[in-house]
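In what comes next, subunit A is part of two complexes: it sits with subunit B in the first one and with subunit C in the second one.
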Partner chain A sequence: MAKWGMVIDLDKCTGCQACTTACAMENNTLPGESWQDVLYYNEGEYPSAQMKWLPRPCMQCEDPSCVHVCPTRATYKDPDAGGIVFVDWNKCIGCKYCMIACPYGVRFYADEQPLIEPDMRDVYPGENGQMWSPPYQNPEQDWRRGIGIQPKGVVSKCTFCYHKVSKAPEGVPDLDEDDPELVEYVPACVRTCPPKARYFGDLDNPESNVNRIIGDKHGVRLLDHTGNRPQVYYLGAGAGVPAFSPRNS
Partner chain B sequence: MSDNNVMKGGLGTGLLILSAAVMVATFGYVIFQLNTVGHAAFNVSSKLPWGQPISTYLYFALASSGLGLIASLPLVFGFKQYYGIAKRAIFLAFIILISGMAVLALELGHTFRMLWAIPFNMQIQSAMFWMGVFYAADLLFLLWKFQKMEAGDWDSKNTKIIGIASFLGVLLASGNLALIFGMMSMRPFWFDGSLPIYFYLTAVTSGMAALVFFSYLAYGFDRSKMPQKLQNALNNGLPKLFAAVLGLTILFVAVRAITGLYTNNPEVYHVWADYLFASPVYILSLLLGLLVPFALMMSRNLRVNPQVQVLVSVLTFGGLFAERYFFVVGGQVIPLFQGTWAWNMIQYTPSATEWALTIMGSAMIFTLYVLGEKFFNLSAVPEQLEEAAEAEAKATA
Partner chain C sequence: MSESAEQSAWHRLSDAQPWLLWQENACLPARSPLSDCRACSQACPVDALTATPKGPQLTGDCVACGRCTAACPTGAINGAGLDSHPGDDQATAPLAVDCWRVPPEQSPEGALRVPCLGGLGSDRLLRLVQECGERPVELLDRGWCADCPAAADCRRPPVDQALTECREALASLGLTGRSPSLRKAPLPAHLYRRETPTPGGETRVSRRGLFRRLAGHAAGAAEQIQGTGPAAPAAVPMVSGRVQPAPRLRRVEALAALAVAQDQSLPNTLFPQAKISDACCNHRICAALCPTGALQPVEDEDGSGLDYDPLFCIRCGLCQQVCPEKAITITERDGHPYVGRVPATRHHRQRCQRCHTTFTAGKEHTLCPGCRKDAALAQDSGRDLLFGAGSSSGAAGPAQDPGTQPGDHDDQEDTRR
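Coming up: the complex of A and B.
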């Protein structure tokens, strides 16, 4: 079975947020519930200040702390699904401990104060147990894997677009959007990336392009000291975690 | 047996009606908010998921554990001078834990799902799974021990075994509760292997404050009306113990603060420098909630004074509530990533619904407490000890 991994080349990424938009549209997430986001930050001070950005999906860690802390096994890593970490919305009790334990801040509890007004949950009230029901919805739904629009009181997260990836032919080393036969199975953020800064493939397959570029270009993982060992690798300058510096503004 | 307990009379009934009314009103408000607004009625967010309801639960759970540990002094370790406080301590531990669990239940996204999802999935890697196991065991042993005391069985072999089991249950429950926070390497403000010790200490301190306050409340804040054994405890050993645990709590806070202010780690340093010590409420809680009570209890004359004891217990109760709040929120105020939406520290102030939950839990404690005082003799001691105490009182009179 494949072990799906993603590579994000920061030298190519332009911070255009197309991935963020594609993810939100594909998965019908609420404003603020950014399963995939690009974080902008400054580094250094004038005259050598730089503006930087960091695209940040769920890392689908190999040893995920969110899975260890969940008291109900609602969040679990599925080796048969390429090692993707899912949330079973039928089991989640909404204790939010996984959100505390995730070093990457990529888990969301959407039953909270709206980020923008009007509140989309009021504009499109939820039907069929969903928290909200926008006019267009992705027809794919699997609550045991946290796919679809979540109900109230549960935690949601990126699924590496498992509803697409799971339909790929078995044994393919990479899901490349340039391959017409595979393009439909590529995760939305990878498929939409204009500068092709994202790659998606099987980390267990020595033939895969993701393995090759991680090796050739020295791919790194974020916050490796927490022991989570992400299945998302970063390439290029600036592949690090922006340091916190409080501002008085 | 003393019949000076004012909770058994009209005063108790008045307090019962008042606290029950507050409990029902706040519960109704919280339920209404949860049904209409949902958890958006809380001011927590995906960036700061645990707010005041969690800190309230933590406060109550640890106060309960503290009371359990205090009760184990006579019941497990044989300090007979503390027999007069044991039954009330056990009862308070039980009702405070129940109240804490009620607050936690309303904070969860799915309260009832928890009842089957936790036991049926057996996720033994999760500290929160063990929190459920240990606190359920704690609750069971407290009830069992209380039932034994109520039946007049204080010293049989079985009672002693239950006492020891309960003591171990309390240690495991509160120690494990500490590790829920202490094992989070990604939250450096909490990441601390010595956290269980800190929790034991502060648990006993808040438990002591509860015990002293509620003991006085039962007798209209008049120590001369208390049974002899209870008076003895409040006159001799207990105030010294209170002073000691207050001192150790201050020491532990100081050690954590000094380490935190010395470190370069921004996730620890900024919490201490720019969140905790930048907050007048936190500084006030340290001064009025811990340092002033400690200073008062260090004075040989003042620490036995009933008014001072009540004042110290109220101040400590408030001080440790703030301590728990700042501990829980402080671990989350530094965003995991600096970037979009999170340039600065994450702001959080509890909403009206979250305050209502805290008030509901507190009102529940008062309601159950008055019922306990009305229906049980919480100052009871083993019969032979009671006779000995009466004889001693007569001899000294």
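Coming up: the complex of A and C.
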């Protein structure tokens, strides 16, 4: 089985947030609950200050901290499903241990007040146990993998668009949105990326394009010192992946 | 959802032993990785059963004794033929309980035949005693019990421990005379059926009947013990995904019926007590994880908190293990009689000054936990949290020393200029 990985080229990324929007549309997440977000930050001081950004999906770690802390085995890494980390909404009790454990902050529990009124949960009240019922709903639903509109009291996270990826033909090295045969199986954020800064493919396949560019362009993983070994790699010398240097205090 | 229905259905543990059934939903290690319950594998006299995170696995040669079913605290394992009742209500002669390994024609008339006496467990023995009324219960030791593989190495009949527990429980109600007796009725050794008995022709209860009885029993257990005077436990609406601890309910039910007949109250030792200290922050993870629903989250006019019903508590220890504040302990009951479901904690609700949601927390907080986290994030910049302090910026700007204060950095800039 493939081990799905994503490569994000920070040299190409323009921070347009198309991925964030596409993800929210595809997965029907509540406003503010962005499984795929772009973080903006400043670096340097005047006069050499720079605004920078970092797209941040779930890293689908190979050794995920979130899985180790779950007291009900609701969060699990499925090696038979491309090594994606899922939340089983039937088992999740909403204790948020995984949110504390995750070093990347990519798990969500929608219990906060919305930043922008009105609250969509009041505008579209939930039916069938869902937290809300938006007018358009993606028909894909699989609570065992945390796909669909989430019920109340559970943690949700990026699934690498498993409902699309899982339908891809067996053994393909890369899911490339330029390939008309495969375009339907590409995760929403990858498919929509206007500057084509994202690549999606099989990390276990030595022939895959993602492996080639990780090698050629020295792909790095975020917070590698945690030992989580993400399946998401960042590229880009000029863009500068934020590096970690340990705190002295 | 259909998923939970599948989990609460009975599955065969192994095709080789179709009579042994298992319920995923009720198995403690299958429910939570925190549970270290190994009761079934520890009870297995031939080490055929291994407790794994996916539930018990039958690996070796099962001798069909059913001792695992007697040991399981939640009744997650069950075997055909063990959930037996005395057949004839009118009989006055002692009720003989015999083993499947005895040829049927050798058993006394009207005897209750079970796979193994050791599979009965003290809760089922107590229920037999209760259902038989004044009729004595006799367990037949055919002289080979101590040599049977089901007795393991201890050289005592498999039923020995259950019998002792049963005797103690009855003694606490002053009913020592009603205790089942182990009667020696030796048979020639050549009659011993060496091969593992199969339920074919033994069970008079069909499988469907067994399930119906099991389900009816579990559902009716709480109601049946109502009206037992001072120690009447209240029926609890079960939260979905919770299991009824059938063996415990069976035991309490039988003892309650016996106690009513004796005009006595149940012994306090039967009901544990939850002690929750002031450190409790109302996370309520304990209640979310409690397998039997003994701890339940409640919201009422007094505030938000927990209810505790010791009737359902099997003392699995999960609540103590999972509490981040180490605020809860389950102990023996001290003094106060059991009065059913009681409020264990109540926290007052407050309004968050920032987002105006109601939350429950200690008195000193004015912000809800979410807003508190936001405030902390704003102070300790988000970048520091994500990437660690002093992240260097690669091409742009000078590499910053990890310990450099913002002031020092300004100095550097000044000297360069």
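Brief remarks on what is shown
One rule holds in what follows: the second predicted complex is superposed on the first by the 236 of 249 C-alpha atoms of A that agree within 3 Å, B and C clash if a C-alpha of one lies under 4 Å from a C-alpha of the other, contacts with A are read in each partner's own complex, and residues count from 1 in each chain.
We adopt the following convention: a contact is a pair of C-beta atoms (placed from the backbone, for glycine too) under 8 Å apart; a residue touches a chain by one contact, two chains touch by 3 or more.
Predicted, not measured: the structure shown is a model, and the values here were computed from it.
Of the two partner chains placed by the overlay, neither subunit B nor subunit C lies in contact with A:Arg229. Legend: residue contacts after superposition of the two complexes on their common chain; A:Phe108 is shown touching subunit B, with no touch to subunit C. Once the two complexes are laid over each other on the shared chain, residue contacts for A:His218 go to neither subunit B nor subunit C. In the superposition on chain A, A:Ser48 makes contact with subunit C only, not with subunit B. Of the two partner chains placed by the overlay, only subunit C lies in contact with A:Trp143; subunit B stays clear of it. By the document's definition of touching, neither partner reaches A:Lys196: not subunit B, not subunit C.
When the two complexes are overlaid on their common chain A, residue A:Val38 makes contact with subunit B while staying clear of subunit C. After overlaying the two complexes on the shared chain, residue contacts for A:Pro71 are found with subunit B and with subunit C alike.
Put simply, more of the residues of subunit A are touched by B, taking subunit B and subunit C as the two choices.
Applying the stated contact rule after C-alpha superposition, one finds that A:Lys167 touches neither subunit B nor subunit C. Once the two complexes are overlaid on chain A, the subunit A residues touched by subunit B in the first and by subunit C in the second are 39, 41, 70-73, 93-95, 104-105, 111-113, 223, 241-247, 249. For subunit B in complex with subunit A, the touching residues are 38-40, 42-47, 49-50, 108-111, 113-114, 117-118, 121, 123, 125-129, 131-132, 180, 184-187, 266-267, 270, 274, 332, 334-345.
Looking at the complex, you find that subunit A touches subunit B at residues 32-33, 37-41, 53-54, 56, 65, 67-74, 91-97, 99-105, 107-115, 152-154, 223, 225-227, 241-247, 249. Contact residues on subunit C toward subunit A in their complex (touch as defined above): 1, 3-4, 31-34, 53, 283, 285, 288-289, 322, 355-357, 370, 382-383, 385-397, 402-403, 409-410, 413.
Of all residues in subunit A, those touching subunit C in their complex are 39, 41, 43-45, 48, 50, 52, 70-73, 90, 93-95, 104-105, 111-113, 143-144, 222-223, 237-249.
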